[in-house]
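Below, chain A partners chain B and then partners chain C, in two separate complexes.
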Partner chain A sequence: MARKNRNPVGKNVDPEAQKKKTRTLTLKSSDGQEFSISESAAVLSIAIENMVEDDCAGGVIPLPLVDGGTLARVITYLNKHAEDGASDEEKRKFDEEFVSGMEMGVLFDVVLAANYLDIRGLLREVRRRIADRMKNKSVEWVRKTFHIESDFTPEEEEQMKKEFAWAWEGVDSDVDD
Partner chain B sequence: MATDIISSLPCEVIDNILKYLPLFDAVRTSTLSREWRYKWVTIPHLIFDSTCMGNLLWKYNAVSIIDKILLLHKGSITKFTLTFADSKICPHIDNWLCFLSKCEELTLCFDCSGSYPMISQLLFTLDQLTHLYLVHGELMPPPIFKGFERLVRLNLVNVSMAAGDFKSFICKCPMLEYVMVESFGPKAIGDLEIDAPNLKFFSYRGKLNSIYFKNASRLAEMSIIAHKLKMPQDFPLFEESHSNVLKFLSQIPSITKLTCNRNFTQYLARDGVPHKLPNNLNHMRFLSFWVIDLSTIAEVSCALCLIRSSPKLQSLVITALGLRDRENLKTAAQFLKEQQACEIPLTRLESIYIRNFSGLESEMEFVKLLLLAATALKKLEIISKHNNVSRKARHEMFEELATSRRASTHAEIIIRDFEII
Partner chain C sequence: MEWKKRDKHMMEIKRTSNLPHDLIIEILSRLPPKSISRFRCVSKQWYHLLTHDNEFIARHSKWSRNNPLLLIRRYILDENWETSSTKATVELTSVNLNGSVTDKFKIVVDGLIQTFISCGPLSLICCNYSLYICNPSFDELVRVPYRSRIRLQNVGIGYIPSSNEYKILHSFEVLRPGDRNMVCKVLTFRDTGKISFGSWRGCKGCPRSAYTEKSPLCVDGNIYWARSSGPKDRSILSFDLVKEDFSIINYPSCDLKTYSFLEFTGIKGSLFVVGCSVETSTMDVWLLDRDEKSWVLEHRISLFPFAVNFLISSDNRSEEILIHTEQKGLISYNVTNQTWRRIKYFEGVRSYNRPCLYHYSLSPLCITMS
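And then the complex of A and B:
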């Protein structure tokens, strides 16, 4: 996928950028919901930008891998980051709040969407958030939360635990956060 | 919800989540399931800091933990940090550095005050380094050291290194943008010559014989808190060919932010100071004298020379020394009064902040001189010397300054007592 350095939107006075601000696109989720979004916000997703540039959009851009609920969240993020005059500090605060309330399942949906749509900032933010949730958690907690089934025998597991005993120091007792 | 949601994520996403996990949390994922067993072994960052190692050291052998992780690790390690270690760990660094040929960011902090364990020569083979941060140790680059071609940031704290070695080290790292050195070891009281065409930030704190920039036309921010810089016995008359301040500042034309301690100001002034530099420092915005004796003509004239040569100066911060010598005081005050006749172009200066002020005649004359020149001044803030200036004296100072001639009519003047915030 083409890697492009985007200038932050705002301050820009070139007519092309102005046009992008007023032009709207329609994004269609996997469950058929349609969302309008300004082109300047939509193209913060490198995948959408490429679709627009290749002109395969034809008015409505179908996003078959993203459901409506997740797409609505992603659009909130894009709109904030394309907002005129939003300072970096404001955006940082927004990012923090944006991911802090999300449940694990939602975080996974958003990380998948951000990966698919190639939205770097959002991807970084959600990955960090998922890692934060996993910090100091027991293996059992991680298995339960992520629906991972262990295929080790109890003996194998015991053996591995012994081998890396130091990695188990200071692990939280299982409490749901 | 689908089963095993995390394993269904693309590999790249999982790798990146693991990258944000503390090392030991990542190691624990090996016991989640067979699929997860070796996912952690490719994480590119290995951070052994006190958060992960701190409460283990009484129970486990740190060396064997690090050995084991490095042995299992596959692929490139781009960041390696060791910040919990004492000097006993040092001999093992040799083995570990062998694994770090792809390392870009290396941090080694040893907690061993007073001693300088020799850092392995293998360090000099890590040619991918972009960041190097060392605390405590001795560095001796081998003659065949070719340099770190990609090194951008260098932090050395309590690292013993001969001045000549340091000079050639810097010279061999052409991409250096950021250099911070704090207290070289006992070896290093020497002459520093810095040749770094891309350098933007330079900070030095410690003993030094002399310092000179050879090729630093991009240097924007510099702070020098030096001790023991070489001084002649008495200050000779100004001779342009010898002037240290001229020689020094002509090499750093892009300087934007400059912090000098007293020893360094004296060093700049040591061969006499011109009224003004032949070429203005057109980028200078912030100037700070971290302790200056405003009753010594050499120091005051050096400060004034820098101020006069910085037409775009916006902020000036000064820590005054206070009274040392009553005789100098009169001479300096007289000198400063005479300076009022020559114009100082200070059309951008908005803020003056002076600490440790005791209201000496020379200090007052210095401030009056600035008030007379600074047409855009918004705020003059003076913090009086702790325990030394009464409320009444502060009031008198205020009256005297508030009624003296000012170029900026809307400048706010504040004089307050020292307080711990």
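And then the complex of A and C:
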């Protein structure tokens, strides 16, 4: 996943990299909130990096598909990952804690934002977390969470449950943890 | 915090909108097979996606192969157990490489397990006179037809992707007056739909005195055994699964005595022999060249101060060597980046209870999908 102009931290200090650290960008959320962020952190998002390269920088970068709450979270993530001297172990720990307290709805918002902004690491982390939360849940929980109406008749559903009875073993309660 | 209030509000708005199809596929392809079977019930669209969508099946398969699981066995000796018992209850635990238990189930087999190896999503479990195929993704155990009174030793399993077939090999020694001969039998089976076994048939050309030391390993269409007929005559016995023909490969021509023990593993689709030295805490990683004639010393890894206990052989295309060390539990070494990763130790992994590595599969052995 090496990007063409991402500089390894600490090695051969590139004047361009230094500039990126000091230069700040302003990101504007769908509900009009503005956030400043260093360029070096912002370009961890491939989408923002492309906008910067296309010279939309200098002014304000509007992100009409991300609301303020979600953008604040994404920026926390970006800042940590752009931090000088943060070891991989530290980042892993941060990622773990970053997503662990989020409710499903928040995870969905963050995964959508990470997808839209093309932040690969965050996308991977949140997808994994959503799958982890889902895996022991009931069919009803999934329908509710993903807003899906069942189009099976009760008979059809009963038949499938019988066929794959073992798949219903060890299902958690529907409490969203 | 003001955010909390806002989030609740935003969540209600967003929750009515669905995630893009591609994201849904990405998330669902990270689920274990049991969950996928259950979620087929969510809706007709999900049923189709989880059963027939080629994109989903391909992504699930790719993710599963990149995220193998350890299968660990433990005998259950409950109050009903007697020493005269001919059956043994074994608890199988699946552990992912982050150290979390993903599944646990019990099987009953005919006595103690002699061979416990894996091939892709399946595991081959072998007692003295009984043979089983286990599919841990669906907690399944199927008995392989075997009626002979010959003890099952030297049993191996391999997979041929081109024909989607598995082959089980059993070689044994036949003693006749004045003659010792090795005989090899092969059994073919498929796991698509309902598992169906062929019948055991003879296979020619099994080399004489092919005593094998350790569990065999299937890499890229060949089964490899460590073979020895005396302390000075050691080599690798290889079986080509498609041609059904045996060949002998010599070990790297270095001084093998410097190694405490040798282990096999598959890395990126090739056979690697790893020479471990307990005295110097080093591991030499030898790659078998494609033409099967020469060896290349790919890496010399210093493990100091840790001592290698054993390797957990991988048969997939991973880039990692799984090393069980005396002090640190499991370590994974990535041969491409040459980096270490510590895997959370799971107490079930012990030197006398070598686990095997498998990956998830979406096709059960006994239940046919409509």
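The criterion applied here is as follows: the second predicted complex is superposed on the first by the 159 of 177 C-alpha atoms of A that agree within 3 Å, B and C clash if a C-alpha of one lies under 4 Å from a C-alpha of the other, contacts with A are read in each partner's own complex, and residues count from 1 in each chain.
Quick note on the criterion: a contact is a pair of C-beta atoms (placed from the backbone, for glycine too) under 8 Å apart; a residue touches a chain by one contact, two chains touch by 3 or more.
Just so you know, these numbers come straight off a predicted model, no measurement behind them.
> Just from the overlay, do chain B and chain C fit on chain A, or is there a clash?
clash
> According to the stated criteria, A:M134 is in contact with first (chain B), second (chain C), both, or neither; which is it?
The answer is both, since A:M134 touches chain B and chain C.
> Should A:A72 be classified as contacting the first partner (chain B), the second (chain C), both, or neither?
Once the two structures are laid over each other on A, A:A72 reaches chain C alone.
> Tell me the contact category for A:F108 with respect to chain B and chain C: first, second, both or neither.
both
> After the superposition on A, what does A:W168 contact: first (chain B), second (chain C), both or neither?
both
> Pick one for A:L63: touches chain B only (first), chain C only (second), both, or neither.
In the superposition, A:L63 touches no partner, neither chain B nor chain C.
> Name the contact category of A:I48: first (chain B only), second (chain C only), both, or neither.
Neither chain B nor chain C is touched by A:I48.
> Residues of chain A that sit at the chain B interface in one complex and at the chain C interface in the other, please.
105, 108, 111-112, 115, 127-128, 130-131, 134-136, 139, 142-143, 146-152, 157, 160-161, 164, 166-169, 171
> Please name which positions on chain A make contact with chain C in the complex.
Residues 67-70, 72, 103, 105-106, 108-109, 111-112, 115, 127-128, 130-131, 134-136, 138-139, 142-143, 146-152, 157, 160-161, 163-164, 166-169, 171 of chain A touch chain C in their complex.
> Could you pull out which chain B residues touch chain A in their complex?
Listed in rising order, the residues are 1-7, 9-10, 12-13, 16-22, 24-25, 27-34, 36, 55-56, 59-60, 65.
> Given the complex with chain B, which residues does chain A contribute to the contact?
So the residues of chain A touching chain B come out as 105, 108, 111-112, 115, 123, 127-128, 130-132, 134-137, 139, 142-143, 146-152, 157, 160-161, 164-171.
> Across the complex, what residues on chain C touch chain A?
Answer in residue numbers: 3, 6-7, 10-11, 14-16, 18-20, 23-24, 26-28, 30-32, 34-35, 37-46, 138-139, 367.
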